[in-house]
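Letters A, B, C and D name the chains as they come in the text, with residue numbers starting at 1 for each one.
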Amino acid sequence: MKQRTLLATLAAAAAVLTLGCASLPAPDVLDAQADAMIKASFRDQGIAKVDRLNRDLGQKACSSDKAPSDAVAKQIEAESLASIKWPSGGQYLGDWRKGEKLAQNGRGMTWTDRSADPKSNGAQCYNCHQLSKEEISFGTIGPSLYHYGKQRGVKDPLAPESAATLQYTWGKLWNSKAYAACSNMPRFGHMKLLNEEQIRDVMALLLDPQSPVNR
Amino acid sequence: MADPMRIRAQAAGDKTTVRVLMSHEMETGQRKDSSGKVIPAWYIQEVSATHNGKPVLSAQWGPSVAKNPFLQFVVKGAKAGDKIAISWLDNRGDKRTDEATVS
Amino acid sequence: MFTRRQMLQRSSAVVTALGGLGLLPQAAQAAFNAPAFEAKTMADLVKALGVSMPTESKDVTIIGPDIAENGAVVPVGCASSLPGVKRLLILVEKNPNMLCAMFDVSDSVEPSFNTRVKMGQSSNVMAVAITADNKVLFSHKEIKVTLGGCGG
Amino acid sequence: MNTKKIIGLAVLACALPAVARAQKTAADGIAEYRKMLEDGNPAELFEAKGEDLWKQPRGPKKVSLQACDLGLGPGVVKGAWVQMPRWFADTGRVQDLESRLVSCMSTLQGFDAAELIKTPFGRGEMANITALATWIAGQSHGLRFALPQGNVEEQRFYELGKRAFFFRGGPMDFSCASCHGEEGKRIRLQDLPDLTMNPGDGIGFAAWPAYRVSNGQMWSMQHRLNDCYRQQRFPYPGFASDVTVALGVYMGVNAKGAQSIVPAIKR
């Protein structure tokens, strides 16, 4: 009887000790645990495979509530800029009407989408940006792009003085991280979300003086 | 059988406001499933209400009434303790009746 | 106030009782007016209902929001202050079939009903009142349906 | 129709600056729409079903869930939701409401947990779990979130959840934080709560389960997270997987003091 009580007391003390001693692992251990947890929690579904969890340098560096160091940010931006594919034949502009349709369309790349072909994707612009005054349902994660071309003085997108704006805009759409390492904006060209033709159409929407963005 | 309705009937003076939620798909017949097949129309067509057994309202609905329909109306002369019963009938012939006591 | 469970128990008990006595209220209802619900234009609709074209009236009220965050559920109401209203209708002009709901008004209910409808796109929404002497009156309002969410 | 009136309104409206007008009208209009939907939330239908399911003898063992311990003792429902996810000694795991329901349904009622977990949302027993979660969460309506953080596993899950929240990946480089890491942002017209803090009463974590107007479905927190990951273009998170529970701990602890309005109604 006495021994049993003693044992019980010991067991209880041990339990308290274990709990008391248990402490939070170090931050880097938690990082590793989180990666393992994420890996174990997801599975393939349709076009959305688990390899989407393999992060590149930029994704990894921007996976925290703290910004990456200046050196890392510069490296991401430089690598991103170098990766930009400039438009074939120097042709930057397509059809703004198609661009507006793409801007309205927020579909693509989810596990319920059948194909990852850019042709089945939207450009999602209105999700995060204001673009025209006609569409009142727009997001505010990104800045307003209303009068995007007009504000940059683009009167004729094909004129030489428009070249720098055209180039920057193309680069931003192709790989937004070239200009801000942890930009919230997807890398439409780089990640094959839109093809060249679609990006030309979105370019036209942003820069054509006749488009609803600049009217 | 369909899930029960939620009926709230609340008297204020000599008027009773009745609020009904019905559990129903209200499928329009205009949508397609993931394989491209048209999902057949399935919706409540007739709704009726009684106050202490006496018919007070009948309505006809089309498929454009929203899924899990809501209906609000006011019965004159109903008082606390009275019974309000609601019935619906859909285009497949399914039906359901539920009753609430006026509070 | 009853708890929900009490109410549900009551509800199912009543169904059995009423059903057993053959007293389910829908037995008393008129047949479904399919042509009215299939009408694509106002002309087809009034023909199916056997009434004349409606005229605008401030004695008929349509209630609804100016903007619907989602077209799948749009709260709308119809009401009339006219004496002798026997029917109230809710219509969405740009839906594939414009008639949404038709309420037969008795002396025991107020000529005022609220429900929720689906709207495929921004549209004019109407309330139509038909009186016992076959006057057909309407009021309307524009409800804008917005695109929302991520869209995927 | 009433052309004169419409033109009159248009003229009046044009006197205001275009953008300001659109903003004000849209926000006011949406607020008005939401207000009109508040009375008569179809979530009530799911609550009623959930209450029945809780009390009914069910499953291979034909017993009710009334002995299920949601953290406040067997059968105690009120207040449980605003303290979950939490650590449970019997399973040795941090569990959210739905993973706890799976445990109770398997140990008490004899359901096969693995089968439950792989059932798609809205089908069979998964629809029942959603209804149960709706009723249970609704029983804490008006209470304020106060997740326990006394256990080291609860603290660890908070840290893991935080890391998951900021984990950026997939073809669009999205993390939870891309949309929910800053105050005052929206997608289209939908306000995005900042989930790195308490976003306020009845907002964010304190607004689910909710009835989704867009598809007429009742969504639990698990379903909400699942669709967030879909829109994030991530692969498929397992139902009640550790990442979903850890995110629940992160958001729930951050929401400390927020009043629950569930079941809510949402676009």
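Definition applied: a contact is a pair of C-beta atoms (placed from the backbone, for glycine too) under 8 Å apart; a residue touches a chain by one contact, two chains touch by 3 or more.
Because the structure is predicted, anything quoted here is derived from the model rather than measured.
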Legend entry - Which of A-D and C-D has more C-beta pairs touching across its chains: A-D
Inset, instruction - Averaging the CA atoms per chain, pick out the one whose centre lands closest to the mean of every protein CA shown. - result: D
Legend entry - From chain C, the most remote chain by mean C-alpha position: A
Inset, instruction - Determine the centre-to-centre distance between chain A and chain D, using the mean Cα coordinates as centres, and give it in whole Å. - result: 24
Legend entry - Centre-to-centre distance between chain D and chain C (centres being mean Cα positions), rounded to whole Å: 32
Inset, instruction - Could you tell me the distance, in whole angstrom, between the mean C-alpha positions of chain B and chain D? - result: 28
Inset, instruction - Starting from the mean Cα coordinates of chain A and chain B, work out the distance between those two points in Å. - result: 46
Legend entry - Junction residues of chain B - those touching two or more other chains: 4-6, 26, 66-67, 70, 72
Legend entry - Numbers and ranges of chain C residues touching at least 2 other chains: 4, 8, 72-75, 116, 144, 146-152
Inset, instruction - Name the residues of chain D that each touch 2 or more other chains. - result: 25-26, 44, 48, 187-189, 216, 230-231
Legend entry - Overall pattern in which the protein chains touch one another (line/ring/star/complete/other): other
Inset, instruction - Could you list each pair of chains that touch one another? - result: A-C, A-D, B-C, B-D, C-D
Legend entry - Touch list for chain C against partner chain D, complex: 4-5, 8, 56, 64-70, 72-75, 116, 124, 140, 144, 146-152
Inset, instruction - State the interface residues of chain A toward chain C in the complex, per the touch definition above. - result: 104-110, 112-113, 122, 124, 126-127, 136-137
Legend entry - For the chain A and chain D complex, residues of the former touching the latter: 19, 22-25, 30-31, 33-34, 37-38, 40-45, 48-50, 52-55, 58-60, 62-65, 109-112, 116, 126-128, 130, 133, 136-141, 146, 177, 184, 186-187, 191-193
Legend entry - In the complex, chain C residues that touch chain A: 144, 146-152
Legend entry - Complex interface listing, chain C residues touching chain B: 1-2, 4, 7-8, 10-12, 14-15, 18-19, 23-26, 28-30, 32-33, 36-37, 72-75, 77, 92, 95-97, 99-110, 112-119
